[in-house]
Amino acid sequence: MKKVEAIIKPFKLDEVKDALNEAGIAGLTVSEVKGYGRQKGHVELYRGAEYEVAFVPKVKIEMVVSDNMLARVVSVIEETAKTGKIGDGKIFVSTVDEVIRIRTGERGETAV
Amino acid sequence: MKKVEAIIKPFKLDEVKDALNEAGIAGLTVSEVKGYGRQKGHVELYRGAEYEVAFVPKVKIEMVVSDNMLARVVSVIEETAKTGKIGDGKIFVSTVDEVIRIRTGERGETAV
Amino acid sequence: MKKVEAIIKPFKLDEVKDALNEAGIAGLTVSEVKGYGRQKGHVELYRGAEYEVAFVPKVKIEMVVSDNMLARVVSVIEETAKTGKIGDGKIFVSTVDEVIRIRTGERGETAV
Amino acid sequence: MDQLNMGDTAWVLVSTALVMFMTPGLALFYGGMVRKKNVLSTIMQSFIILGVVSVQWALFGYSLSFAPDAGGGLIGGLDFLGLANVGMEPDPNYAATIPHLAFMIFQMMFAVITPALITGAFAERFKFKTFLVFTLLWCTVVYDPIAHWVWGPGGWIREMGALDFAGGTVVHISSGIAALAAALVVGKRRNYLKEPMFPHNITMTVIGASILWFGWFGFNAGSALAANGLAASAFVTTHLAAAAAAVSWTLVEWMYHKKPTVLGAASGAVAGLVAITPGAGFVTPMSSIIIGLIGGVLCFIAVNLKPKLGYDDSLDVVGVHFVGGTFGALATGLFATTMVNSAGADGLFYGNAALLGKQAVAVGVTMVYSFVVSIVILKVLDLVMGLRVEKDDELRGLDQTQHGESGYIFD
Amino acid sequence: MDQLNMGDTAWVLVSTALVMFMTPGLALFYGGMVRKKNVLSTIMQSFIILGVVSVQWALFGYSLSFAPDAGGGLIGGLDFLGLANVGMEPDPNYAATIPHLAFMIFQMMFAVITPALITGAFAERFKFKTFLVFTLLWCTVVYDPIAHWVWGPGGWIREMGALDFAGGTVVHISSGIAALAAALVVGKRRNYLKEPMFPHNITMTVIGASILWFGWFGFNAGSALAANGLAASAFVTTHLAAAAAAVSWTLVEWMYHKKPTVLGAASGAVAGLVAITPGAGFVTPMSSIIIGLIGGVLCFIAVNLKPKLGYDDSLDVVGVHFVGGTFGALATGLFATTMVNSAGADGLFYGNAALLGKQAVAVGVTMVYSFVVSIVILKVLDLVMGLRVEKDDELRGLDQTQHGESGYIFD
Amino acid sequence: MDQLNMGDTAWVLVSTALVMFMTPGLALFYGGMVRKKNVLSTIMQSFIILGVVSVQWALFGYSLSFAPDAGGGLIGGLDFLGLANVGMEPDPNYAATIPHLAFMIFQMMFAVITPALITGAFAERFKFKTFLVFTLLWCTVVYDPIAHWVWGPGGWIREMGALDFAGGTVVHISSGIAALAAALVVGKRRNYLKEPMFPHNITMTVIGASILWFGWFGFNAGSALAANGLAASAFVTTHLAAAAAAVSWTLVEWMYHKKPTVLGAASGAVAGLVAITPGAGFVTPMSSIIIGLIGGVLCFIAVNLKPKLGYDDSLDVVGVHFVGGTFGALATGLFATTMVNSAGADGLFYGNAALLGKQAVAVGVTMVYSFVVSIVILKVLDLVMGLRVEKDDELRGLDQTQHGESGYIFD
C-alpha cells in the first residue's frame, strides 16, 4: 500500500476531494499547513515598516491507497489541483507497511 | 523503527494517550485534522438551503517506536480508540530510517 | 529521496527556516502540533482545582530532500533547533518513493 | 415653548450616542456572518460609513433632508448647508426643547446606519472604491429626499398623514429594497449555494445583535425627542417586539428545522426591532408583542425563501429589513391608536381604515423610488468603475486583497 | 408630587437600557468561560431569556410582583395583567416622577437577568427545552413572589424594614441559591475534575465583565429612580466596590496561587458589584471600598472551595452571587447609614443592631424559599422531561447537538 | 444657582458611565493589536487600572487634583481626602447643578484612562508588578498635579487662561509623552522590526475603537457638565472630528500604501477624537471637521515615522495621543471662538493671537514635566524592581508567564 501526500492550494480542496471521491477513493485526511517554497510569501507594511511574511497557507491531503490505485490517484490530483501558477504544490508517495481499520480490526488492503 | 499514525475520534485522545503512556511510549505528537471516509459528514441547513459538510473533525497521533514495541502500540490504540461506530479511524504503519533527538544528538532506537 | 520530519519548539521556527533556506532547501511545509514526551506539560490551577495540561505546543517541519542533501539538512536542523533544554524535539527520516511537482508534472529529484 | 429642557436634551444626546453605537454593532452583526476571509472588509464598510456619511450630512445632507422645503415637498433647501443656522438654541420646527444641533446629530446617526444596512446584501464581493462612491450617491439622491418626504418640514408623505415614528420607510424599506437591487445587479457570490458559506463567528454576530438591541432604544424611544411618557412607551414597545420576535423566530425554526439556532434568535430580535420601528410611538405594548411575534415569523419565512427566489442577498437585508419594515409600516396602519399618541392617528383596528391606505402609499412610493434609483446608480457604476472584485480576489477573500489585512492571526 | 420629571425619566430610561445590556454582557461573561464546543449554547440561554422573560413579565410577571398586594404581603394581584393600568403617567406608589411604564420596564430587566444568572450553574449539560420550562416556572413561582416581598407595595419583607437597594436578595441570593440547587440536582459534567475545563476565551469573558460593570451603574444608581444625589452616591459606591474587589481578588490570588489572573480580576469586579448591590444607596463611599475589598476575598475563597465541596457549579454562580449577595445583604446591616439615605436605616456600625437582624431574616427566608422551590421544580422536570442532554451530545458539545451550529469557523 | 438639576445630573452620570466604559474599550483596542500570546496581559493592564486608580482617586487622588489649592496653583490640598466634604449637594466651585459626588466620579474616569493609555507603549514586555507600582506613582506625581494645574480651582494653567475642554493636555499629552519616556527606558521588544508583530485580532481592535468613540461622547460632551447647548455642540464636534479623521487617515494610507486598512480607519477615528478633545467645547462644527482631517493625517505620518525614529512604542501611543493631543491643543488656540463658548476665548483665526501662546505654554510645560518625571520614576523602578520580564518569558508570551492563562483555547 502507498501513502500519497499532496500539498495543494486551499481553495482547490473541494474540487480535489470530489474528483478523488469519483475516482473511488475510500477515505482521506486533511490538515492545514503553511508552505514555504518558490512561491514567496508577501511583504506586508505595518506601522511604517515592511515585514516579509514567509509562509503561504496550504492544505495537506493524506491518503493511503492500494498499489493499483496509486497511478489513478496521483493523476487525479495532478489534474485537479493544477492552476499552472507557481505554488501549486507537491505530491509525495511513500510505502506503508500496514493499515488497520480500528472499528473492525481489518488489516491490509481491505482496511484502506 | 516504525512510524505509527493513527487517525482517531477527538474525544478519544485523552484515553488513548493515557493508555499509550502506560504501555511505555516515550513520546508522541498530535495534530488536528479533518477526515473524509465512510462516516459521512452531515447536512446543515443554513438560511433556507442545505449544504453538505463533508469533513469530520479527527485527531492524528504520530509516534515513532522501536520495532519490538510496534505490536503493543497498535493493539493499545485499537482497543482504546474503538467505539465500534463508523468513523473510528485508521492506523498506518510505515518504516523510519533514522531518528535523532535534537537535544542530545542521540540517534536510532535510543532517540525514540 | 528522503522525507525529513522535525518536531521543534515553535519559537525556533524562523531561525530553522532561515538556516534551511541558506542550506539550499527548496521548499518545506510546516504545521502546528501538540507534543507529549519527556518534557512534561504543566499543572494549571483553575477555580480551586489542579489540572495537568499534558500537551506542549510544537511545530512540525516536513520536507522532502534528495538523498545527497539529507546529511546537510539534518545537521542544520540539529544545530539551529537545539537549546539544550528538554523538549527540543526529534527528527525523523524516512524514504519517499516518488515526488511530483503539480504545476509542471516534473517527477523525482528535479521535483523536490 | 422653545425653552431648552435639560432632561430632554440629556435623553436625546444619550439616544444619539446609542444610535451611533448601532453602526459598529451592525458591523459586528454582519462581520460574524461572513466567512473569515471577509470579516474585515465587511466590518470596514459599516465603519467607514460612520466617517463618510457623517461628514456628508454635516456638509449638505442635513440641509437636503431637513432645511425648509425647496418646493413640492420633495427636497429640503440649502439653508442648513455646512450646518448654517443650526445652533445651540432649540428650533421648534424640529424639536422645541432641545438644541437644534442635538436634533441634527440625532438624525445624522439614522443617515449613517441606513446605507450601512445595505452592505449586507453585497458582502464578500463588492469593490471598496465603488462602494464608497455608491454610498455617497445613494445617501444624496435616495436617503436625503426620502427623509425629507417623511420627516422634513413640508415633506409630502408627512403632509399626507402617513406615520413613521422612527424610520420604517426612511430607514428599513429604503435600504431593504436597495439591498435587493444591489443583490440583483452585483450578482451572486462565486459558488453560492454550492459550497457552504456559514457564519464564521456567531458569537460576534450575537454581540452585534445585542448592541443593535441596546442602541435601538435610542433609535425608537429617542425619536420621542423628549424624556416623557411617549419615550417610555416607545421604549417598552421596542423591547417587547424584539423579545417576542426572538422567541417566535426561534420557535418556528425549531418546528421546521428541528433545531433552535442562536443565529435565529439573534436574527429574530433584529426582525422584531425592524418591525416595531415605524409604530413604536403609536401602538400599545400588547400590540407590540403581536407585531413582534408576526414579524419574527414573516422574516423567518422570507429568509428561508431566498434560495428559491434565486438572488444572493448575502446577509438577508431583504428578508429582514425590507420584509420587516414593510410589515411594520402596514401594521402601524392597523394597530396605531391616538390613545398612545394624540399626535398620531387611529389605525384600522381602531376604526380608521384611511391610515392603512396612507401607509401603503408611503411604503409603495419609497419602495419604487429607492429600487429604481438604486438600480440606476449601480448600473452606471458598473460601467464606470466596476462593482465586483476580481475572481481570484473573491476566492482569496477581500480582507487580504482589498485591505491587506487578516482578521485574526491565531498561530 | 406626581409630576413627570424629564431628568429623572431620562435617567431611568437610560438605566433600563444599561440593565438590559447586562444580559448579553452576562452571556459573554459566561460564554467565554465554557469550552469552545458549548459557547453558543451558553450564550443562547441568556439571550433567549431576554425574549421569553420579557414577554412573561409584560403578560403577568409584573402584576404578580408589583400589583397591589393580593393578601398577606406574599404576592401581587392581577391588576396589572397585560400591563393594564400601567401607563405613561407616574404612579406615586412606584415612582413619583417618571412614567409608570418606565418603572415597569426598569424592573423587567431585573426579572430578566436573574434567571440568566442561574444558567452558569448548569452550563455545558442542560437540555434546552427543559431549560426554557424551568426558567418560566422559576420566574413565576420564585422570582415574582420574592420581588413582591422585597419591593412590592405591601410586601412583607419591605414592611418588616429590611433593606435591599438594588436586588441583593431578590436577584443575587435567589439566583445564587437556585444555582446551588441546580448544580446538585443536575449533577456534574462528565469528567469534571478529571479533564481540564478551562475557559475557552477569556477575552470574551472580560468583555462580558466590562459590560456588566457598565450596566451595573443602571442597575444600582438607576434604582434611585431619580437623577439626584442618591443616584450619584449609589453610582460612586457601585464603582468603588467593583474596583476594590477587582483589586482584592487579584491580590489574594497572587499571594495564594502565585499568579494574578485576568479571569480573577474580572471575577473580582463582578463579586464586588454583587456585594454592593443591596447597600448601594445606603452606605458611604468609604464603606463601599471596604465592602468591595472583603467581598472580593470572600468570593475568591468560596470559588476555590468548590472542588472540595463536591458540586459542579460550572461557572461559579454560588461562589459569586450567593456568597457575594449574602455578604452584601448582611454588610448593609452593618454599614447602612441614614446620613446617606434618610429613607433607609442605620446599621450596626451606626448604632442600630436591629437592622442586621432584619437583613438576616430576609436573607434566610429568601434562601430557603428559593432553594426548596428550585429543587422541587427541577426534580419534577427531571421526571417529566429530563434535565440533561445525552452523554454523546455532552461530549460532542451542545452547540452542535442542541443548536446545530458552531461558535467559530476559523479554517 | 446651586440648585440640583435632574437633567444635568442624568447627563453627567451617563457620561461617567460612558467614560468608564472607555477603559475596557481601550483594553480591547490595545488587546487586538498585540500578538496572541500577549492579549490577556495587555487587557489586564487597563482592566486592573480601573480597580487600582479608582481607589487611589477616592482615597487621595481627587483631593490632590481638585481640593482647594494648597499653594501656588501647583497642587490641591487635603480637604477631600477619603472623599471628605464631597457630598450629594452641588458644589458651585466644580459644577453648580449636579451633585459634587457626580463631578468627582466623572473626573475619576479621566484619572483612570490616562495611565491606561500609557500601557500601549510598553505592551508585550513589562513586568506586571512594576507596572502596578509605576501606575500608582505616575498618577500621584504626574497626573494629579497636572489635573490640578489645568482644571483645579486656582490651578496655574487655568488661571493663565489656557483652554483645555476635556483633557488635551491633562490626558493625552501627559500620557503620550510618558509613553515616549517608557518606550525609551524600557527598550524595544525582542526582534522588533525583525519579525512581524502584526495585530492578532483586528476585529477586537475595531470593537475597542468603537467603544472608545461611543464613550468619548461622555468624555467631551459630558465635560460641559450640563445637558445644554454646549454639550450638544461638543457632541457634534467630537463626532465630526472622529469621522473626518477616520476618512483622512484611510485616504492618505490608501494613497501612500496602496491599501486602505481597517486598522487605519480605526486608528484614524481615535486620532480625531484625541485631536478634538481640548477644543471640543470651543470650536464650531466646521472647524472640527478641519481639525479631524488634519489630525488624521498628522497621526498617520507620526505613526509611520516611528520605525525611522528608532523607539518601540508598541501600540503607537506617541503617534496618536502625543501628536494628536499636541495638535489639538494648538488648534484650539487657532479655532476657538467665543461664539461657541462665551466662557472660552477667541483663537488666532478669530483675531486673538494670545491664546495660541498660552496653549503653547500649557503644552510645553505639561510635556516637559510629564516626560522628566516619567523618566525618573522608570529609572528608579528599573533599579529597584526591574522593568522587563525575562527573555524567555517575553518569547513565550506574557499571558502564560505572568498570568498563567491563555487568551483563547480553540482546539
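For clarity, chains are labelled A, B, C, D, E and F in written order, and residue numbers in each chain start from 1.
The rule is simple: contacts are C-beta pairs under 8 Å (C-beta built on N, C-alpha and C of every residue); 3 or more make two chains touch, one makes a residue touch a chain.
No experiment lies behind these values; they were computed from the predicted model shown.
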item: For chain E and chain F, chains touching each; value: C, D
item: Same vs different contact residues, chain D with chain F, by half of numbers used; value: different
item: Equivalent interface to B-D, taken from C-F, A-F or B-E so that over half of the residue contact pairs match; value: A-F
item: Separation of mean Cα positions, chain C and chain B [Å, integer]; value: 18
item: Cα-centroid distance, chain A relative to chain D, in whole angstrom; value: 46
item: Residues of chain C engaged with two or more neighbouring chains; value: 14, 31-32, 44-45, 94-95
item: Set of chain D residues in contact with two or more other chains; value: 5-8, 10-11, 14, 195, 198, 201, 207, 227, 257, 404, 408, 410
item: Those chain pairs that satisfy the touch definition; value: A-B, A-C, A-D, A-F, B-C, B-D, B-E, C-E, C-F, D-E, D-F, E-F
item: Complex contact set, residues of chain C against chain E; value: 44-49, 51-53
item: Residue ranges of chain D touching chain B (in the complex, touch as defined); value: 193, 195-198, 257, 303-308, 316
item: Complex contacts: residues of chain E adjacent to chain B; value: 195, 395-396, 404
item: Of chain B, residues touching chain C in the complex; value: 3, 14, 17, 21, 26-31, 64, 94-103, 105, 111
item: Chain A residues within the chain D interface of the complex; value: 11, 14, 44-45
